[in-house]
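Take a look at the structures below.
What follows is a pair of complexes built around chain A, which joins chain B in one and chain C in the other.
After this line comes the complex of A and B, so read on.
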């Protein structure tokens, strides 16, 4: 079924965002006494700090504070997985964005002028800029540049390879992609009168940030509040702390609110990126196309600090086991290494889409060798819903993978494209599949809560700790509440992202919708019970005949009490209901337990390749998704289509290459994200066989759209040209060279 | 190197006339600014701004707009790219331009950016201007002069002020233009290629990564030798591009094939 959204479904914030009227954290320029903070970044990718002299900066007009590592009140380190990144570097810088000092001043210009007068003496050190040789270089941290080494195995892969009739081995390379969110990193730290600090900032987990910030600022967690304000995009790039530690230190030093907002140049230089992956995959099958053996050797460059790299590696390896397919034996291993190439971390897809690109390309290569239709090869090897996952774990699909494949096979994009009269454009259609598990992964604490109440003003209030960064979570929650209560959207207020409110865990890993649905299933009936009790007492009407509806409570279709009257005459504070739940994992006895809730996508891509120049246009994308129930169609479409465009950028134009540890692009005129003219027509189909009784009918789709689009585009390019590209982004020059070589061979 | 300063301290000089603008630019070694769409990001990137800027005034006579003159279409240098794209005279003289300009930057930049600025930095219009043999109208410290664009670019003084340029009467000529970027829109130019047939000869010019170049040797080959040795076309254009700074062999290959495509379009009159 094709999913469509009407403009009338759009939430109220959509127009505000489009028209630039939406208030972001970084718009908070009018707080009383607001100071502006700026951060001094390293000029070197790797150097020893010999001297940091702030004397001249301190004497500049308007300057209220200048801070260095010596001014960090608590732990001068942060990092979600490994706390290895200094807030302000003490004696060594490890990438050209490393923070050395910071200034707070009355105006931004004064702060920048003072920053320019901080004297730093560096002793340059050897730059570790090649992930391949990082292990042999002097360590950037501790004893070794290998942050993590991990492997997964099933069966005897050597024996299985020995039985293969066909084996393909290829090297794949994926780019260092930038999140390129609309609102760059920023926010305000506001000191309170009791030595604490409140943050209003663009981030992805207020509660988690509180713990790290309290440690850094030398405060108790109760002294730190984080309001994760609606944010202009994050995509994983605001999962780690960004400006919060420095803004907090400056706020404590000065006693005034401090705003820090990175400009685009600084954001490009400092912000984390997607891990570039270099991977060799070897895959073999028998003559009938049954995949018997699969071997993976991967190298991920995490840059100067670990960030979420170890978890990204784990997710990469999980996806490298080819979760959709039945493989007799595999041996999958990977390393995550430190270099001086910026910092890489969380990014939509979280390593999984890099692996899927290579896995799906391998399947096409096998099909090519077997002279078999790639779809048929997949059909032979796809798992059924009754089988365990690729790691032997229990999994829960929302539709059989073969049905998703069948829908993809029936896509209209396989019909021949309109002929190009000049013969300039070569067209082709390709497809790929992808699977993704919701949740933080195996063995990680993963739970979340929410709260529901009737306010003193008679509003139905829902609170979650999740962050609104444009993913339409507010609208999705409102839809679920309205559906359950029969109330109007205008009766509902959704409040997100305050660390004083319920802890819902991070807004990442496509987990929010699952937890929202689960928590609402608990709190909605309890809240309704309390409201009914109070309404019955106020109206003397039978409790069980009272139904909530638009604007109030109804009996036999007649409104008998408005929510405002109920709040005024009753005890609205008694309606507050809290609930929390563990993220759904496999039932006890299974191992591993993570990635229990599985989603699937098949993406069919049609491309046109310019025979004259080698450039590629993606003209159409057709996604078939099996990801549970759709709550809010515009949000669902936005997630799938938006993620696909990010994948399109990864495939065709986006990369942040480095030379001697320095990024070679510094702004969006050099770093090429797709424009509206690069965006193809897209269609999203929904395949949902989830039974009504399924306890987890809703899945998170924040990352699903990026899963299969890259290999689908590469498959389509191969269909158009006969050339398979395995290093991303696609280089038009290389493609043209290959086309020319082909033409010469034909002559 | 020009003197630089903090951004806050930039002084914008607003001369009353083109002559005064030239005098101020010469006296302070200050760059001219009009739309600022090229200067602003360039200075932001380097974090260094000139102490003074000389602001040009679009209301100075002949600095803005399009009008027909005895020698062809006269275009004021401070005409914005978007004005140029929608002007009826531009559509009459340069039919492919409106569609082509839609690929240049975004609407905001096209509304501010000027055709003169685009020409001076070797932007997307410069290949077409070179192929059309436009004559530029320049105000310099020694007075005013009109000369071919190609000549001016070779001998241009730092304080030369471009008032406008004259496009020969090219109505009836066949022309084709193509830009190769990194993406479909709003991309730095890798190469922009212009192919013009004036009824007698084909003219070819290219701008982009390797610089602005009239492909004179390739033009000569097309006219004089194509019939006798068609297979050598690729070698001729490749050699000419490589000799003039176009170092990327894949890009030269693309240009060769684009040129063949544009030549056939122009020859067919499509």
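After this line comes the complex of A and C, so read on.
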């Protein structure tokens, strides 16, 4: 069923957003006493710090504080998985974005002028700029540049390879993609009168940030508050702490609020990126196309600090096992290494989409060798819903994978494109599939809480710790509440992202919608019970006949009490209900590996390749998703479309290459994200066979749209030209050379 | 490789221009950008520093009626000019038409780029009204959006185009 565009929900923040008064963290430039903070970044990708002299900077006009590593009150390290990144470097810098010192001054100009007078002496060190040889180089941390080494295996893959009739082996390379959120990293740290600090920042997990910030600032967690303001895009790039530690230190030193807002140049240089992956995949099947054996050897460059790299490696390997397909034996391994090439970390897809690109390309290669339709090869090998997942774990799909494939096979994009009279454009259609799991997975602690109350003003209030960075979570929560209570959207307030409120865990891993649905299933009936009790006492009407509805409570379709009256005459504070929900994992007895709740997508792409320039235009995209119930259609559509275009950028234009550890692009004129003119028309069809009785009818779709689009585009390019590209982003020059060589051969 | 992001500080000079109907007269360094003047005024949050090199469109404003990136206009160019931002357009019929189309087609997610897009569309609509053959997709070619993939924006433009072809 095609998912059609629908109007945005009225009464939400849509108008505030359009009119520019939504209150992002970086809009708070006019707090009383506000100081501006700036950070000194390393000049070298790798060097010893011999001397950091702040004398001249301190004497500059307007300067309130100049801080270095010696001024970090607590732990001078941060990182969600491994705390290996200094807030301010002590004696060594490991990438050109490393922070060395910071200044707070009355104006931004004064702060910048002072920053320029901090004297630093460096002793340059050998730059580790090749992931391939990083293991042999002097370690950037500890004993070795290998941060993590991981492998997954099932069956005897050597024996299985021996029985294969066809084996394909290829090398794949994926780009270092940048999140390029439109609001660069920023926010304000505000000191309180009791030695604590409150942050108003763009981030992804207020509660988790509190823990790290308390350690860094030498405070108790109760002294730190994080209010995650509306955030201008994140996509994983604001999962780690960004400006918070330095802003906090400057605020504590000066006693005034401090705003730090990285400009785009600094954001490009400092911010985390998607892990570039270099991987060799070897895949074999029998004459009938049954995949017997699969081997993967991957290398991920995490840059100077681990960030979420170990978890990205795990998710890469999980997806490298080809979760959609039944494979007799596999041996999948990967290494994550430190280099001086910036820092890579969380990014929508989280390693999974890099793996899916290679896996799906391998399937096309096998089909090519067998002279079999690539869709037929997939049909033969797709799992059924009754089978366990690729790692032997229990999984829960919302639809049979073969049905998703059948819809993709029926896409109108397979019909021939309109003829190109001048012969300039080569057109072709291709497809790929992808699976993706929700939640942190792999047995990690994963839960989230929420709260519901009737306010003194008679508003139905829902609180969660999740952050609003544009994913329409407010609207999704409102829809679920209205559906359950029969109330109007205008009765409901959704409050997100305050670390003093309920802890919902990080806003990542496509986990929010699932947890929201679970928490609401608990708190909605309990809240409704309490409201009914109070309403019955106030109205003398039978409790069981009172139903919540738009604006208040109803008996037989007649409104008998408004929420405002109830709040005024009753005890609204008594209606508050809290609940926490464990993220759904496989039922007991199963090994906690991988992810239980699974989603699928098939993407069909049509491209036109320019024989004059080698450039690729994606002209149409058609997605089929099987990802549970659609709660808020515009949000669902926007997530799939937006993620797909992010994938289009990854396939065609986006990369942040390095030379000797330095990024070669420093702003959006050199790092090219898709514009209006680069994007095709898209169609999204939803396949929702989720049974009424399914305990987990809602899945998170924030990452699904990027899963299959990249291999689908490469498949379409091959259909158009006969050339398969395995190193991304597509280089128009190389494609043109290959096209010319091919055409010359034909002559 | 690092490019300068700030103009060199020069002697401040008086600049007088109209912002959303009010006369603004202040002393600033001639190379101060319009974007910084707007942000520092404390009145404007709709224009945003997304790149400061005229690439992303998040600071798009109307300068004498024409959509321009505020980060590429300097104070010395502003004398006697008229500047309009979204804050000054909320009652404008063209803006209202654009706002309604963006909202009904859900053409936004995080919303950070949206005011700039709205200004570009208002400019495009007005050029159409004055008889120029302007493609509204062309009008927003300089506005980057990272969240939506432009799907909702395409639909909003289709609505606006349909409406203008009816009149």
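Following the convention adopted for this analysis, the second predicted complex is superposed on the first by the 735 of 747 C-alpha atoms of A that agree within 3 Å, B and C clash if a C-alpha of one lies under 4 Å from a C-alpha of the other, contacts with A are read in each partner's own complex, and residues count from 1 in each chain.
Just so we're on the same page, a contact is a pair of C-beta atoms (placed from the backbone, for glycine too) under 8 Å apart; a residue touches a chain by one contact, two chains touch by 3 or more.
Bear in mind the structure is a predicted one, so any value in this text is a computation, not a measurement.
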First (chain B), second (chain C), both or neither touched by A:653: first
Chain B versus chain C as contact partner of A:203, first or second or both or neither: neither
Contacts of A:733 with chain B and chain C, given as first, second, both or neither: first
Partner chain in contact with A:614 - chain B first, chain C second, else both or neither: first
Which superposed partner A:708 touches (first chain B, second chain C, both, neither): neither
Which superposed partner A:634 touches (first chain B, second chain C, both, neither): second
Chain B versus chain C as contact partner of A:166, first or second or both or neither: neither
Contacts of A:424 with chain B and chain C, given as first, second, both or neither: first
Winner by number of chain A residues touched, once chain B and chain C are compared: C
Touching both chain B and chain C, residues of chain A: 109, 112, 265, 666-667, 669, 674-677
Interface residues, chain A side, partner chain C - complex: 5-8, 13-24, 26-27, 29-30, 109, 112, 179-184, 230-233, 235, 261, 263-265, 469-472, 634-635, 637-638, 641-646, 648, 662, 666-669, 673-677, 679, 681-682
Chain A residues touching chain B - in the complex, by the definition given at the top: 109, 112-113, 116, 265, 422, 424, 611-615, 617, 652-653, 666-667, 669-670, 672, 674-678, 731-734, 736-737, 740
Partner chain A, residues of chain C touching it in the complex: 1-3, 5-6, 9, 39-40, 42, 44-53, 55-56, 58, 85-87, 90, 99, 102-106, 108-115, 118, 137, 140-155
Contact footprint of chain A on chain B as seen in their complex: 6, 8, 41, 44-45, 106, 180, 182-188, 248, 250-251, 253-254, 257-258, 260-261
